[in-house]
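These notes open a run of structures that come right after.
In what follows, subunit A forms one complex with subunit B and a second complex with subunit C.
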Partner chain A sequence: MSTHAPVARVNGLVKDFRIPGGRVLRAVDGVSFEVGRGETLGLVGESGSGKSTVARMLIRLDRPTAGSVEFEGADITALRGAALRRQVRRRMAMVFQSSSTSLNPYQRVGEVLAEPLRVHRVGEAGARGRAVETMMERVGLDPAFAGRYPRELSGGQRQRVGIARALMLDPSLIVADEPTASLDVSVQAQVVNLLQDLQRDLGLSYLFITHDLGLVRHLSHRVAVMYLGRLVEVGDTAQVFAEPAHPYAAMLVSMRRQAEHRILPAGEIPSPIDRPSGCVFRSRCPIAQARCERDVPPLVEIAPGRRAACHFPGELRPGGTDAPVHVPAAPPLVAPLTSQKGR
Partner chain B sequence: MIGYIVRRLLLVALVACGVTTLLFVLARLSGDPAELLSPPEAPPEVVEATRIRLGLDAPLAVQYAKALASSFTLDFGQSFAFHQPAAQMVFQRLAPSLWIVVPSIVLSVLLSFAIGVAAALRPSRLSGRLLMAGTFLTGSVPYFWLALLLVLLFAVNLGWLPATGGEGFTSLVIPVTALTVAAVSTSARLARGQLLDSFGEGYVLTARSKGVAPWRVLLGHALPGALPPMLAWLGIEFSFLFSALLVLEPLLGYNGLGALLIRSVANQDFPLVQASVFCMAMLITLVNIGMDVIVRLVDPRLRTKAAT
Partner chain C sequence: MTTMAKTAGRTRAPRSRSRAAETARRAWSDASGRIAMVLLAVLVLAALLAPLLAPSDPAAQNLAAASRPPSWLGGEGGHLLGTDTLGRDVFSRLLYGLRLSMVVGVVTATASALFGLLLGLLAGYYESTAGMVLMRLADVQFAVPFVAVGVALAAVVGPGVVKLMIILAVWGWVNYARTIANSVSQVKRMEFVTAARTIGARTPAILLRHIAPSVLGPVIILWSTSAGVLVLVESALSMLGLGVQPPDFSLGSMLADSRTTLRLAWWATVFPGLAIMVVVVAFNLLGDALRDAFNPSVRTEHDPELW
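== the complex of A and B ==
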């Protein structure tokens, strides 16, 4: 996918959290990437690697400690109030991980979906109602569900509501934070297919956060790998999965290979309060050397469109070949939908 | 919903019987009112005559049945000490008490909501911390001591307010202030805590990501989730305020239900004790049921399919 006209770009994002005892936890440390128009960028990493914090800074729910966020050509890092609502909230939307907690239990589905239009004063009440109905059909929900409360819906249906809500204002970028993590496998496939169909039809860009490697391989055009608050590798998905440059990426992609080719990292991910000096991955890296303890490896271009933060890129190579790309088995679920309950 | 309310009202009848039973047992354990009402050197026949006049000679079972029946007829008999129908006396004293309780509730709700919201919006800033420290301080002051201080300052030294509960608006200022201060601290802390919990909910983040204005996020998204515990607390607070009247009214010479109850207990005036406690218990129960019903109305998660 084209990356010459990115829809969003983050530069040197840093997020510090103050923790008890006057210490500082650096959750995100100098992350830079861009999301191209119509592109899906997969952001992968272990729990605690800072993926969600990056997403929340990109969508301006968290304020970066340092660095900048550009969106649709404008610097949105310091926007506030009305400008923030107009330039960011209207144009960028988030799909959250847990569909059960991200929907207000006191709002009916119809109100959940109409609220973005109402707060941004889009259309009058009748038009909003029709827009809600159209969008519900678009994501494969029976419009009759508009009068229901979120708890009366299944997990998959709720996540469709979450997606529909994100789409109500016709955004250019959707930030999806593990949108399928709380769903059953078969429902996951339906939601992923829905996201892909919507991208194709509406020209959406996605920042897709997940730790599901199969999903990233299937869904994203490019992939960015995070480890302990830093980006360690960015590149074309197929290339990264075929020939990872960073040892951590190599370990991740080796998980999709035959058992004998898997490279298991030593130990646990260190605490972000107590990060290793030099390269943050060195404490678990099988090819770490003295230099890795001293020098922080910068994220540099090692091939066109390919960046890695390692002093010895490409030296750790998993054997075998990448597993075939997983194609979800579920039938594509685009409206009109036949199998919803309550029809 | 109707079924729910009916079930809750049946519970009221149960509470009425329970309260009556408890009072009956405690009253009989507390001594012999006939002796108390007779002159100290009265001969046994006089005491016996008094006992018969008060109806205390009947078998306990009959007395108990009468007491139970009185909870439903609301006829509690004549006061031993005042020779007036007990129910009527209680009814007359209820209004002055409500004049203290209701303004205290209204004021404390408004104040604690304002303080809670203000503190929840800036939990880590100095102003938010100061607000919470303030409520902690006022919460640690006993209300009766505060009332005495207020009397000392505004009645004795400055002469702005009457020292004792006479008639009129000015005599309400001191008891209402003391009770409001006492009630505000806990509910303000509760409001802040509930709102902060609510701010942490995923759907509040969702609302922010939609671009909902901050005050709308607060009122439209965070508040509904925070409201049920706050409403339930209001019912509990109501009973706290009534119990505080038992101390405050005699202290301030205020002629309300609290003072009446304290006096009738001292007199072993069974009908009056029964009538006043019954009245308070019913009020508290009904208010709490009212809160339960409101909580159910505002919270769709508690509504069952059949009930909606």
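== the complex of A and C ==
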């Protein structure tokens, strides 16, 4: 996967937010990674670690304070206007967490799906209508729903609409920010399966943000772990889950092991406004040394395709073995119109 | 099996009722909404069909038939609402006066709503720039009573109904802008607006297609209420001689003309007055019904977070 040119790459991304009181909150601090073609990169990390902010910079919703974003071989960091629309908006799409707030309540499903085509002047009205119908069928929605409003659909159906919208322009990269977090477990599995089918059939790449470690393990080829705005570990999913190198990754991964092997975080979660000196993780790290307070550990290659930001990589090892990959048990696709209205 | 479900679905899932149709249906199902709609339909028809309905020329004077009471009070000459002190048929004048009053109310309210919506959208979307300036301006305008400024302004630009309508329409933006700016600044942060940006929609499309529909409810409610108020304001200003100029006349100028001769022909004053009242009440009732129609108490059927 990594032999080909990646579809997207971010280099040294930094994002500062000005907050009340004239202070500055560094939400993202020097994040670099790439997403390969046809690859799913899982991005994990606790709430507030900066995952969404990274995603928003990658898809050019937020402007980085520093660093650059490359996409399909071009630097898109400073694109604007027509160039931004052509090189980014047409080629990269986003799937959102909440299926109810990410759809305009006053647009019918058909209008929602035709809009990307209309905005980019793809085809004429008739062809757009057919494209919408085809796409609805592709994501498992009855085309008869085109005349419905989002509120008349179930959460799972709405999320399919959100996925269909993202696919309308045939993008190469989809940024999915917790796309299944608002769904029931059974519906989650359907949506995950759909995303995997689409990737296989269309060669899509995903940046997949989630809190669900089981989901990351199941879905992503590689995983990137964030902590307090910094990327602390990146690597092949199976390897990271088997032998995490960074103590924070070790803690996360240990949550999937037998109870006696779990490593529980010590200390308090530091505030993103008052980040610890040296290693950001040191206030909670069980193996922190004096050096960790002084020197910021850089994200360096510790094995081929494996990077970690720790002075003592691999020294904190969770015992036991990684839980088997949990394949979400998807109930058979309900025929779309046995309407799950009542859920 | 899938095919069957689909076929069944196609017949079972027609295009959902549009929001406009749904709102109208809700307003109609409300008693006062129904009364308002019927009243307004009658008023609009009467105004539109004035040339057909008026028994005589509203401007034709006939001093020989001056100050005749309504026919049903025993007045001669069969004048339904009597004649004024110049012998003009009050019913005919009422129809034509209603025509002008309705045009003033509806056109001014519409212009003012569009203007207020536009400024409100801009103020809410560009919160820290245009919004700051416009909201300061709104504060100032709120502090100044309209009657003072309106009268002064009308005195400067001179009387005339079109000038008056422009002043009223421009002045009215402030009623819309604040409410709308507040809603816009909330709606623009919603995910569906972000979604529109990620597919490449331009700012005007985002404002009109994605944000405006969410703030349209209050605009339409205010439009209805303000149309009634504007009919009243026009009447008041016409009585001060600032609005409609002769030979044109509205319900307000009919009142103004006839009030000095109230004792000779009270019907020439009372019926235009009643007509103004009916117009104002009808628009207000409609506004109330629309308010309920836009905020139905049971809205949690599908999605409590959003609806």
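As a working rule, the second predicted complex is superposed on the first by the 324 of 343 C-alpha atoms of A that agree within 3 Å, B and C clash if a C-alpha of one lies under 4 Å from a C-alpha of the other, contacts with A are read in each partner's own complex, and residues count from 1 in each chain.
Definition applied: a contact is a pair of C-beta atoms (placed from the backbone, for glycine too) under 8 Å apart; a residue touches a chain by one contact, two chains touch by 3 or more.
Because the structure is a prediction, the values reported are computed rather than measured.
**Student:** In the superposed model built on subunit A, check whether subunit B and subunit C fit or clash.
**Tutor:** They clash.
**Student:** Examine A:170 and indicate which partner it touches, taking first as subunit B and second as subunit C; both and neither are also allowed.
**Tutor:** A:170: touches no partner chain.
**Student:** Using the superposition described at the top, determine whether subunit B or subunit C touches more residues of subunit A.
**Tutor:** C
**Student:** Please indicate which partner A:197 is in contact with in the superposed arrangement: first for subunit B, second for subunit C, both, or neither.
**Tutor:** neither
**Student:** Look at A:101 in the shared chain and tell me whether it touches subunit B only, subunit C only, both, or neither; answer first, second, both or neither.
**Tutor:** both
**Student:** Applying the touch criterion given at the start, work out whether A:243 contacts subunit B, subunit C, both or neither, answering first, second, both or neither.
**Tutor:** In the superposition, A:243 contacts neither subunit B nor subunit C.
**Student:** With the two complexes superposed on chain A, say which partner A:149 touches: subunit B (first), subunit C (second), both, or neither.
**Tutor:** Touch partners of A:149: subunit B and subunit C.
**Student:** Could you pull out which residues of subunit A sit against subunit B in one structure and against subunit C in the other?
**Tutor:** On subunit A, the residues that contact subunit B in one structure and subunit C in the other are 59, 61, 84-85, 89-90, 93-94, 96, 98, 101-106, 115-116, 119-120, 149, 151, 162, 165.
**Student:** Which residues of subunit C touch subunit A in the complex?
**Tutor:** Per the stated touch rule, the residues are 1-2, 5-6, 8-10, 12-16, 19, 190-192, 194-202, 205, 209-210, 213-214, 301-303, 305-307.
**Student:** What residues of subunit A sit close enough to touch subunit C in their complex?
**Tutor:** 59, 61, 84-85, 89-90, 92-94, 96-98, 100-108, 115-116, 119-120, 142, 144-145, 147-149, 151-152, 162, 165, 168-169, 335-339, 341
**Student:** Touching subunit B in the complex: which residues of subunit A?
**Tutor:** 59, 61, 84-85, 88-90, 93-94, 96, 98, 101-106, 115-116, 119-120, 149, 151, 162, 165
**Student:** Once bound in the complex, which stretches of subunit B touch subunit A?
**Tutor:** Per the stated touch rule, the residues are 201-213, 216, 221, 224-225, 298-301.
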